[in-house]
Every structure is written in C-alpha cells, then in structure tokens.
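In what comes next, chain A is part of two complexes: it sits with chain B in the first one and with chain C in the second one.
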Partner chain A sequence: MPLLPAPDLSPALPEIALVCAAMALLLVGVFRGDGSARLVSWLSVAVLVAVLVLCGLVGIERRVGFYGMFVTDAYAVFMKALVLIGSAVSIILALRFNEEHRIARFEFPVLILLATTGMMVMVSANDLITLYLGLELQSLALYVVASFDRDSVRSTEAGLKYFVLGALASGMLLYGASLIYGFAGTTEFTELAKLFGQPTRPSTGLIIGIVFVAVGLAFKCSAVPFHMWTPDVYEGAPTPVTAFFSVAPKIAAVALFVRFLIEPFGGLVVEWRQVIVFLSVASMVLGSVAAIAQTNIKRLMAYSSIGHVGYALIGLAAASPSGVRGVLIYMAIYLLMNLGTWAVILCMRRQGQMLEGIADLSGLGRTQPGLALALGIFMFALAGIPPTAGFFGKLYIFLAAIDAGLVGLAVIGVVASVIGAFYYLRIVKVMYFDEPLASFDRPLAPELKGVLLVSALLTMLFILWPDPIVGGAELAAASLFAR
Partner chain B sequence: MTHWPLLSLVTFLPLVGVAFIMTARGDEAVVARNARNIALSTSVIVFLLSILLWVGFDTTTAAFQFVERARWITIGGFAINYHMGIDGISLFFVLLSTLLTVLCIAASWNTVHSQVREYMISFLVLETMMVGIFCALDFVLFYVFFEGVLVPMFLIIGIWGGARRIYAAFKFFLYTLLGSVLSLLAILAVYFQTGSTDIEVALNHAFPPDMQKWLFLAFFASFAVKVPMWPVHTWLPDAHVEAPTAGSVILAGVLLKMGGYGFVRFSLPMFPLASDYFTPLMFALSAIAVIYTSFVALAQTDMKKLIAYSSIAHMGFVTMGIFAANSEAVQGAVIQMLSHGLVSAALFLVVGVVYDRLHTRDIDRYGGLAERMPAYAFVFMVFMLASVGLPGTSGFVGEFLILVGTFRVSTLECFLAATALVLGAMYMLYLYRRVIFGTITRDDLRDIVDLTPREKAIFAPLLVLVVWMGIYPNSFLAPIRVSVDNLVERVDAAQKSAARASVIEIVVPAQAATTTKNQ
Partner chain C sequence: MILQAIMFYLFAVVTVASGVMVVAARNPVHSVLFLILAFFNSAGLFVLLGAEFLAMILVVVYVGAVAVLFLFVVMMLDIDFAELRSGFIRYLPIGALIGFVLLAELVLIFGSSAIAPGIAGLPAAPAPANAVAMTNTRALGALLYTRYIFAFQAAGVILLVAMIGAIVLTLRRRVGVRRQSIPDQLARTRAQAVAIVKVPLGAGADIPGD
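Coming up: the complex of A and B.
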C-alpha cells in the first residue's frame, strides 16, 4: 500500500472540468483578442450548462473525496445547480450591457467561471480548509468583477469597499476556524459531526469559534448586522454584476451556512439557534424598513435581498429537514424572481443611458405593458403574494418555523413581509398608477427578452407543477440529515 | 359520482377569457371593443354555468357537492390536494360572484375609457379568485385565492379610482394582507394539528380548547379585516369612495362576504369552544359596529361614503348572527350577506348612475331628481327600502332571522341591534329625501337624463332578485338550511361535550377529596 494513495477525484469532477474550461477560455480570449467577448461569453454559458449536466451525472449519493475534505451529495447537487443557473444567466444578462459600456472584455465571463468554481467548492466543502479555499477563490474573482468598469469611480469604489470589508470578514472567519480547530482538534466536518452531532456541552472557546465563522458567513450572504456593504456595492457595481452578486454568491453562501451549522454542529443547535434567529429577525426587519426610503432601484433590490436572506435563515433556525427544504425551495424561487427583476432593470435605458431611479418606471404599464406586466409579476412574487412562486417559498419557510415551534419568529416574519409588500407595491404603483414618461429604448435585447419571458412564466406557472423543485429540495434536505 | 368538472370550469373559465383578451391586437379602440365583448361574453357564460350549479344542487344533504379532487403537490409530508366542492353555504356566494361580475362589466361599458383591456382582465381575474374562495376545500388552495383577490382589486382601485386612489389602494392592500398572513400561520398550525390541509378533515377535527383560542384569534385577524368589523374597518370607506363604481360593487358585494363566509365556514365549526368563549367580544364589536357606523353614516355628505358605512353596519348584523350560533341566526346571517351583496351592489350602481352624469357624489349637489328621473327614483327607492329592511324585500328576511336567533341568546344584543334598524331607516331615508325629493335648484340637473336601457337591464336582475328573496325566501333558504342545521348541530354537540367534560373534571376531584376525607 503506497504511503499516500492517489486521492479520489471523481466527486470533484464538475469543479475540475469547470476550472479547466475557464483556463481554456482564457487562452481562447487571449489568442483571439479583444473582439472575442461575445464568443467567450456564449462558450462560458455552454460550459456552465455542461457542468450542470456533469453535476447530474456525478450523482446524488453521498461521496467523499480528497481524504474527506470534499463531499458531494444531493444537497450539493441542488445548490450547485442553482449557482450554475445563476452564473449562466448573469453572463447572458451582461452581454448587451458590457458592449454598450465598452467594457465587453473576455475576462468577464472567465472571472465569473472562476468565481463559480469557488462557489461550487464552497457548496461541497467538508472541511474548514476547503470552506476557506472556496470562499476566497470566489471572493477574489468577485472583487475584480465588482470594479470591472474600471474607468467608473462608482464601480472601482464598489470593488474596493467590497474588498476591504470582505477581507475583514474572511479574517474573522479564519479566526473562528482556528478557534474551532484549537478546541476540537479537527477541521473536518465528518470528525466534528462525531463530536458535536449529538447534543453535548461544548467548551466556550468552540462556541466563540462557531460564532466567528457564522459572522464571516453572515457577511457573505449579507445578513444584518453584517450587511453594510450590500447597498453600496450593489449600487456601484455594473448592473449585470449586481445581478450576479444578488444570486449566485448569495446562494452559495447560504448553502455553506446551512451545511456548516447543520452537519458538523447539528447537536449544538441550542447554542447557535439564537444567533440565527437574531440574524433572521434583524435582516427581515431592516430589509423591509430600510427599503421604503430608497429611490434607486439597485439599492432597493439590495435591501430586498437582505430581507430575503432573513427569510431563508428562518429555515436554518428551524434546523430540521423541513427547515432546510424550506431554505432550498426559497433560494430556488429567489433565484428565479431575482434574475427576472434584474433583466427588467437592465431594460431600463433611455437614449442609450441606463436608468436606475424608481421614478423612471413611471407609467410603464402604458408605454410598455409587457415589460410592466413582467416586473409586476416579479414584485408580487418578491412580496410573496399568491398565486406567484414567491408565495410558495414563504409557505415552506413558515411551515418549518411552525413545525419547529418558532411561532414568534414566524409572526415577525409575516409582519415584516407586510411591511416589505409596501415597497414592492410602490414599484407597481409607479408603473401603473403614475403618469407615463417616454418609453424605454427599443427593441429590447433578445437575450434579455428571453430571460424575462422564461422567468416570468416560471414564476407564474410554478403553482401548476411545484413537484420538481419541492421534490428536489426534499431529497437534498434529507441528504444533509442522513447519517 | 362522475360529472363535468363544473366548479373548475366556473372558476377558471374567466382566465380563458383573459387569454383571449391578451391576444387582441390593433389600435386602442379596436382592442377596447374586443376586450369589452370578450369580457362580457365570458362572464355571461360563466354565470350561466354557475346557474347549473343551483339547478343540479341537492338540497337534501349537507355534504359537499360537485366535489373535485386531484393531486397537486404530492412530494413530501406536506401533500396538498386540489380539492373543490360547494355546500348550501357557499352555493349562493358563487352565484353572487358570477352575477355581479357580469353586471360590473356591463356597468363599466361606457364609463371606463383608459386601459380598457387591463380593466377587463382585472375583473376576470378577480372573478376567478372570488369563485375560487367559495369553492376551495383545501386550505392552501383557499389561501391562494383569498390573498390573490388583493392583486386585481389593488389595481382596480389604484388605476381607475378617484383622486386619493393611491392612498386607498395601499391601505386596502396592506390592511387585508396583514390580516391574511396571520391566518396563514394559523392554517399551518391547523395542518400540524390535523396532518392535512384538507378543509373537510379540519372541520371534523376536535382541536384542543387552548389551541382553539389562538387559532380563532389568528383567523379572526384575517376575517375581521375583510368583514370589516369595528375597529379595523377604516380601510373600507377609503377603498369604497376611491374605487370606480364597479370596484365598489365587487368590494361591497363579494369581498366583504369573504370575511363572513370565513367565520361561518371555518371559525364556527372548527373552533366551537373558542367561538363560545369569544361570543361576548363578537357581540360587543358587532353592536358597536352597527350603532356607531349608523351614526357616522348619518353625518356623511358623500353618497358612496354613506353607503360604505351602511355596509359596515349591515355586516355587523351578520357577525352578530353568526356568533349567536343557532340555526335561525346563522341562516339569517347567510341570507343577510346575500341580500347585502345584492342591495349594496345595487346602491353603488345607483350612485354610479348619477356620478357618470354629473361627476360628483356630493349629496348637496343633487335634489329633486324625481322630476327628471322617475325610473331612477323608483329603482333607488326599492333598493333603499331593501337596505332598510322593509318586509317584502330581501333585507327583511335576513335581519328578521338574525334578530329572532339573537333574541334566544341575548336580549340585550337583540335590543341594541334593533335600535340600529331605526338608525338605518333614518340615514337611508334622509339620503333618499335629499337626492330624490325637493325641487331642482341646479341648472345642470334640469336636463339630466333618466336611466338608459343598458342601465335598466343592469338593475332589472337585481330588482327581481331582491323582491324574490323578500317574498319567497324559501328558494334560497332551502339549500342553505340543511348545511346550516348540520353546522349548528355539530357546534352544539362540541360545546355540550366540552361542558360535560369540564363538569366531570370538577366533580371528580371533588369526589376524590371527599373520599380522602372520609378515610
């Protein structure tokens, strides 16, 4: 028997393929020069789709690779699918925008591919080291894309802010990880689960370590009170980048958050639940209240995304299979609604100028009824009004909360959702009740139209056949608890 | 029993109409004409289909009829079925919804000029949601319809409403949303208690007494806002005044009934002990609503606002009847809701007629209309008297039954409610005198035109129904009676067995104490 057997790479096949493809596309871009952005973008989309298929082929049974540092299971496959879809659609959304802002460079899709690789590693992390590795690979690529519009002060400022605050959060996370290692003697989730999978009395140092890691992760998924960067970065970054930020990294961070707390520390739920409950309540309330005063739609969406993370965290606080199922369904539907909304925001241009004011949507119901209808659907969905998909996201979250006996949290959640409904309705009001302004530039880019149509239809028709998402989430959630 | 999926057809056919309207192309006038025609024909077909429900209804059973069941969300523990069905309580609400939609579309024929297509789509979607509420036999399905109603109504008030329409639309939406999200949590709690989201299962489940109180309050939050009961009624006058005529008609005619229907369908049978416990509170709120809003109505100068306040008073009667919880009172409550659905809808249309001509609802701007508009004066009179509760009109039947039933429970409550009858007569007759009688003093009233044939056609069915219900209420009471009797019996049985249980609880420890003493 060799001293160090060759590691089993097969669980990480999709990540390996993705990173190789990213390198290959980088070469394609370098050799073909500046005009290759569109080609590389579409190739990246194709790669992401291929990796999605590969994820499916790797299968949903639990397999561990790299000496237990890397895991793939149904949960990982579900979350990776969401991340991949989010990344692919973001690249599509960016095509037209980047060309018009003269920032159409092939590095953009390549960076997104690299960030996506990081996210997939995060989702599959089975060790604190892997966790950090994935997180940093993702973050480094994200810092660059945030300031991708390098001649714009706003964009570079956004990138810098994100970098400084992100580095701080990474530092805290790392500190927490070292504390956990110090007090538990291992960084591997499977080993930690053996120690803390059942209710025990842990040492205070370990609790502090968990809290520090939780802080780092809360920062990455922009839960209050670690959300301060979100509105500024969302507003400053180029709009397609913001669209990307609001879906893929957030989903990956939530996925990691759930796995980190449920798998290794499932037995300590009494200890960490109060932290999650606090993050959840603070996010929901702040997300709803602070959004009311916004006039910039990108900032509004930033606060909206903060609020939505709060709802997802309710499912985590429930710490049960139905809670995790709720989180998964919620994130899937969140992805759908958000991509659609960002597609509409990217359509907001008049005489070649991008618009970001909510008031610019005035009278859209009369000037562009189709676009207004789509945005209306997304707004009602984000507010969680049936029969849109958004309602079902909330339904499953509250179901888990009631099941876990978190009635107070659920009541705060629904009340916050009513406050939140106010600002979503305000957009509907601006579109339908206010006097029309000039119409937006036409024709809309065909790829935007495609994204719009598909996401609007799925949001509306989810009610007819919710089984695939619900069933997938059920399976994925069960895989996290099966041991 | 195999039959056509008649309920689904009635519920979802309007959406087919919506699909047709969406395909309409061409310039605005053509689109508007097509939208009107499609909307009217769809709603007429739906109404005729819903008549079939009445024709085919079996009045001898309290079971749900025309039941449809299909699997919807099958995966996981939380299985939800598509389950529809109606009984005697819901039958007429379905008919009321489909009838009023036809009348609303007809009434807006010439009065809505902007965004006609969107207007008609909104009304058809609204119809689907309304019918769905009364047919749904699964809680999640019910909730989808119950909250879904808000979206089209929000748009109707906000786009085609009056000057303060935005304020009114937001107030309407957020008020009712806050109520209904709390009931969502209650629905989930019911699910964990019964293991199913099926309404029939929940109706036959005995909930623990403590839980009943909490669940009752959560459902109460949602239904009380819808009814609306005092003190959460303040959205109603705003919404009514600002909504376009047809919007007010649907609001008063159907949307308010969703609250009363909820109390009869869910609160009373599912939580009999809590209902009993909270009856004094319900009586107090109802009595305040009836008396207070009658006085407020007396002071109004805006016709629509006056009728809006009268609606709150009439719905106060309904909640009183429901929580008197005997057969007469509950039957009366259901009939009163139907009657109010017809009468208040008609009164809003009556206001709409003169509003279309003069564009004001200020009572002082009118006077002496009887001279120029005799047909109008006649129609107004019939509905005004029905609203007051004159024998021979539908209003009398409901109020009488409620008073008879309530008298058996509480004479004081009955007395308080009866005073409101006098007040009701005061404000309605006062309104009628100021608008219709007197001499014409204003120039623009001298050449005001009487009812057009279209308007007469709209009022005719309402007029017939109001008189029919007043003179021979049995056609309506027969289907209602069986279901209500069954409901009341079950509530009584539950309350009696609980009372017996508590007696035993008191007696047994007492006996135990005596035995130990003797030893």
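Coming up: the complex of A and C.
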C-alpha cells in the first residue's frame, strides 16, 4: 500500500525535546538516587529555558504538522513562553519547601516537565484528539503532584478530589468532542473552520457538543460554576504545587479555550458568546465576593484566581483581535503578579512552620519592610490599581469589551474589581496597620528573593516599557484571526 | 444471510440478558461472570460487523484484564451488595423519572438535528483503494503509525506519566523491615559467620556476641 510521507517533526521540536529531556532526567534521578532532587530541579529549569529558546527558533509563522494535528503560530509561541516561564519559576520556588518538608524527590521536577509538555500540546492543538491528549497529559501529572506530600492527609485529599472531578470534566469534554465529530464529520480545527468559520446555521447537536467541550475547559481553568474543586485543592496541595497550579495550567487552559472557540468555531460566536459571558460574570462576582470571608491566604488566592479567569474570559467573549490581545496581556501580567505573591507566601514561616493565615502577616511592614513592600505591590497589582501592571491588564480587556459592544459586561467587571479590591487592600492594611507579630524566619532563600525582586520590578516597570508584552500579544492575537 | 441474522439475534439476546443479570444477580461474583459473558457476546457482534480487530481487543482487554481486575476487587473487598441495593425500590420512581426526562431530552434534540452539510467531501482519512482486501487490523495499523503518529506517541507519554505517578505515590522505603539481600549473604565470610568456642568441663558455653 502507498505510504504517507514521513511527518515533518520541526513544528513540534520543542515538545519532542522536552519529553526526551524529561525521560533523560528521570534516568539521572533513578541512577543517582533520592539525593539528586536539587540537581534534577536545576537541570529541569535549564531544560525549560532551553525549550523556551527552541520555541523562539521554531518561529512565529503558522505551520501545521503531523497531518493537521498540530499547529504552531505566534499565538502558540506566546502562550508557550508564558507556560514555560511559569513552570520554571515554580520548580525554583519548590526547591527549599520540598527539602524542608522531606518531599524533595527527583520525580517532582520530572512530573512538572511532563505536565508542561501536556500544556504545550494543548496550546498547539489543531485537532480535538490533540486537545484531549494534551489535556490528559497535563492533568494526570497534576493529579500526582497535588498529592505529592503523600503523608499529609490534606494533600492526599486534594489529589483525590482533583482526580475525581477532573475525570468527570474529561468525560464531559470527550462526550462533547464525540458529538462534534458526529455532527461535523471531522475533528480537525482547520476543517471545522472551513465548515463553521463563516456565520452559518449549525445543527443543535453540534452546539451541544461545543457546550460540553466548553464545560470541560471551564472546569480546567476553574471558571464558575465549575470551580468547586479550586479552593480545596489549592489549600490542600503543597504550597509550591499550588503556586504552579495557579499559573501554568491555568494559562494553558485559557489559551486552549480561546483557540478552541475562536479558530474552528469563530463563525458561531453568537451561539457561544452567551455561555462565555455567563461564565465570566459568575466567575468575577464569585471571585470577589467569596474571597472576602477567607482567612487562609491559599484559599484567598484560589478565589482570586477564579476572579481573574472571569476577567480573562471577557476578552474571549469580545471575540475580536483586540479582545484576544487583551486575554494574552492579562495572562502575562497575571503570571507575573501571581508568581510574586506565591514567592511571598512561601516566605511565610516561623520556627520552621509554614503559615497560611492572613492574620500571620500582621505588622509585616515593621518587621520585614522589604517583604511587605513586595506583597503590597502585588496586592495593588492584583486589585488592578495604577500604576502597577495589573491595571493595564484590566484596561485592555475592558476596552476590548466596550469595542465589541459588551458594555454591560465591562461595567460588571469594573464593579467586581472594586469589590475585589477590598480583600486585596485588607492584606495591605493588616501588614501596615496591625500590631506586629514575631518576624518570619530569616534569611529568606536566595531563589525566593530573586523571584520576588524580578516580579516586583516587572510589575512596577510595565508602565514604562509595555512594548514586549503588548506588541507580542498583538502579533499573537493577529495570528489567530489570520484566516 | 439467514445464518448471519440468526447469529445476530443469538448474540444480541445473550448480551442483553447477561447485561440484565449483571445488575440483578445476588452474588457479586456471578455479576462479574455475567459481565464477561456480555463482553464475549459483544465481541461476537463486532465480528458480525466485520470489525474483527475490535472484537479481539474487547476480548483481550476487557475480558483478559478489566474483568479479572473486577473479580479481584470483588473478592478482596468485603462489600455488602445486598445492603447497597436495599434502597432500590424506594429510589426507583425518582430514578425512573430522571431517566425518562433525560431520554425525552435526547430524543427531542437529536430527533430534530441534522448533520452538517458538506461533510461528505471531508473524510478524516480517505479509504484505501484495495479496502476490501485489507484486514482491518492492518488498516488500523497503517493509520495509527502514520496519520495518527502524534496522538499515538502522546498517549504513550501519558502512560509513562501514569507509571511514574503510581510509583511516586505508592513506593515507600520502610524502616525496620528485614529484606533478603543476596549480595550481603554472598559476601559473608566464614570468619563472620562461624565462631569456635572451647567449652570448659562442667561450665556452659560463652557464646560470643550474645
């Protein structure tokens, strides 16, 4: 029989390199024993940086590989860069925590590498099959790292809860994918875009399929009403794992959500816009209101991340190049602010005990002014107060929404961010105006200090030099609408 | 043709009947055995459809692995199935109602929908010219290792993650467990293992190291 030509591997070169490196590091760990966690972690960071460079070398022109299953374009490169940075910094953040909690094992960075591969596949998906496989590769590794502290009941519970609910979401997503395949006859995004790229009247079954897939993706990026797992998993998982969860997988899920709805089903925007608007409004409102009552900072950050997904989805609801550009800028700034905040949370330890209460931050402004200043900057940024980067993230999103005629949605967004500002500013108040407690353990780990310094500086200086992120996002968003 | 019809009804009836028995059997081990019977008969149905590869996979994977796993679990866990089923009659009306609503919705939606136009021109993988002469194992293999090579490899990586995860979460080195260590045993010399003690008359032996 005639053979197909051998596939061109070059579009997926970064993913292939990452998988091979993960397997090589696994071997290194196995042969050197459990003492090699630190070595494997730093090697993993080096690998992630190398893959980031490789992503840049593969280039931003649109190329479809593996018989249409895989695509690389400016959008994919932008999102992959965010995911890779998030993963690399999470591994660095975990170094000291894992050693002090006696869970420093070499499998941790390897699992993060494999999860990162899954996220990159998600971002580059050009077929429902690729979408599902990337999502599962990511999720399976995440379930394991959630319960990585297996002697802790809460960590085990977090992993199990995440697994059961995640499996349910995967089931819904698969059901939706099968409906789409059944009613459209193809799973490939390019072919689907030919069928549904222009406004058409699709069959009801196809709409149901899209909604089911959207539900699965909304679960993965924890948009309300599919957010139930988020606070529990964030609270139970080891803190560096939570830091990882709140950045890289969320960015990848939002990226996939945007690609899935804009590329193949861009013509059906009237059909899916109401779903996204609902998800967005519900996430923003719940994210701001439910966080007010929290006393645990990890739970607070969980609700905060739910709210931020709501803001990002406004840009998707706009379904325009400027809306997608807004989402990309928002996710980039979200990455910065969140990594910094988690670095501060990882510094919260007294006499070797990790602290998670907001009250434990009392008087930090007097005992550790540097740390308090950094956390203050991140809180102002998360609340969206100028001149921090967080303000600009929200600005681009709201402008895009108004351009697309979604004024009501933008107004709800502004109101929700005013409500949300209350709990961010309460942390600033606790740090600067409450009676000081004993200072946190010193010295801070040098790698935590580095992450803090860089992310605080970038958050503050974004206003002076926004071009790399804004220009890159512009290019990436344009590539999604190119056809 | 008539033979095929007879076989179809035979397999179908046995499948449905054993499916009912899976739910109805009092003894959970019997349930699993009926499940295996249902799998075998569905495999027969696949053969009738000309999908012999699916039939074999069903037998190998479901009967060979999954059902045996079920059997292990059922026999190892002491689950009181009679108690699990005790509320059956009480919950039957509400369950039936929900099932009916779901069915009605599905019929309403799928009864009124149509497949997208223009599908016929878009086959996911064009059928090879000599399709009739080709066994479907070969056809699947030819697609799996070429057109779907990316998905195939990605699935392999997922299995690798599952393996790493299982080891990470369950392998633990316990202290205080005496394991057999063959190298240690082989490295033992006569001097370490044997001591010659001269026992004086009328006294007990002084055992060294005791």
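Throughout what follows, the second predicted complex is superposed on the first by the 481 of 483 C-alpha atoms of A that agree within 3 Å, B and C clash if a C-alpha of one lies under 4 Å from a C-alpha of the other, contacts with A are read in each partner's own complex, and residues count from 1 in each chain.
In this text, a residue touches a chain if its C-beta (ideal position, glycine included) is under 8 Å from a C-beta of that chain, and two chains touch if they have at least 3 such contacts.
Values in this document were obtained by computation on a predicted structure and should not be read as measured data.
**Q** Check whether A:F148 is in contact with chain B, with chain C, with both or with neither, and answer first, second, both or neither.
**A** Once the two structures are laid over each other on A, A:F148 reaches chain C alone.
**Q** Examine A:F433 and indicate which partner it touches, taking first as chain B and second as chain C; both and neither are also allowed.
**A** The answer is first: A:F433 touches chain B but not chain C.
**Q** Answer with first, second, both or neither: which of chain B and chain C does A:V28 touch in the superposed model?
**A** Neither chain B nor chain C is touched by A:V28.
**Q** Is A:L168 touching the first partner chain B, the second partner chain C, both, or neither of them?
**A** After superposition on chain A, A:L168 lies in contact with neither partner.
**Q** Is A:L206 touching the first partner chain B, the second partner chain C, both, or neither of them?
**A** A:L206 contacts chain C only, not chain B.
**Q** Which touches a greater number of chain A residues, chain B or chain C?
**A** Touching more residues of chain A than the other partner does is C.
**Q** Enumerate the residues of chain A that count as touching chain B in its complex and touching chain C in the other.
**A** Comparing the two interfaces on chain A, one with chain B and one with chain C, no residues are shared.
**Q** Mind listing the chain A positions that touch chain C in their complex?
**A** 1-4, 7, 12, 19, 23, 26, 65-67, 69-70, 105, 107, 110-111, 114, 117, 121, 129-130, 133-134, 136-137, 140-141, 143-144, 147-148, 150, 159, 182-188, 191, 194-196, 202-206, 208
**Q** Across the complex, what residues on chain B touch chain A?
**A** Within the complex, chain B touches chain A at residues 72-78, 115, 118, 140, 143-145, 147-148, 150-151, 154-155, 158-159, 165-166, 169-170, 173-174, 177-178, 181-182, 184-185, 188-189, 191-192.
**Q** Could you pull out which chain C residues touch chain A in their complex?
**A** 109-110, 112-116, 118-120, 122-124, 128, 130, 134, 142, 146-151, 154-155, 157-158, 160-162, 164-165, 167-169
**Q** Help me check something: in the complex, which residues belonging to chain A touch chain B?
**A** Residue list for chain A touching chain B: 322, 325, 365-366, 369, 380, 385-387, 391, 395-396, 398-399, 402-403, 407, 410-411, 414-415, 417-418, 421-422, 425, 428-429, 432-433, 463, 466-467, 470-471, 474.
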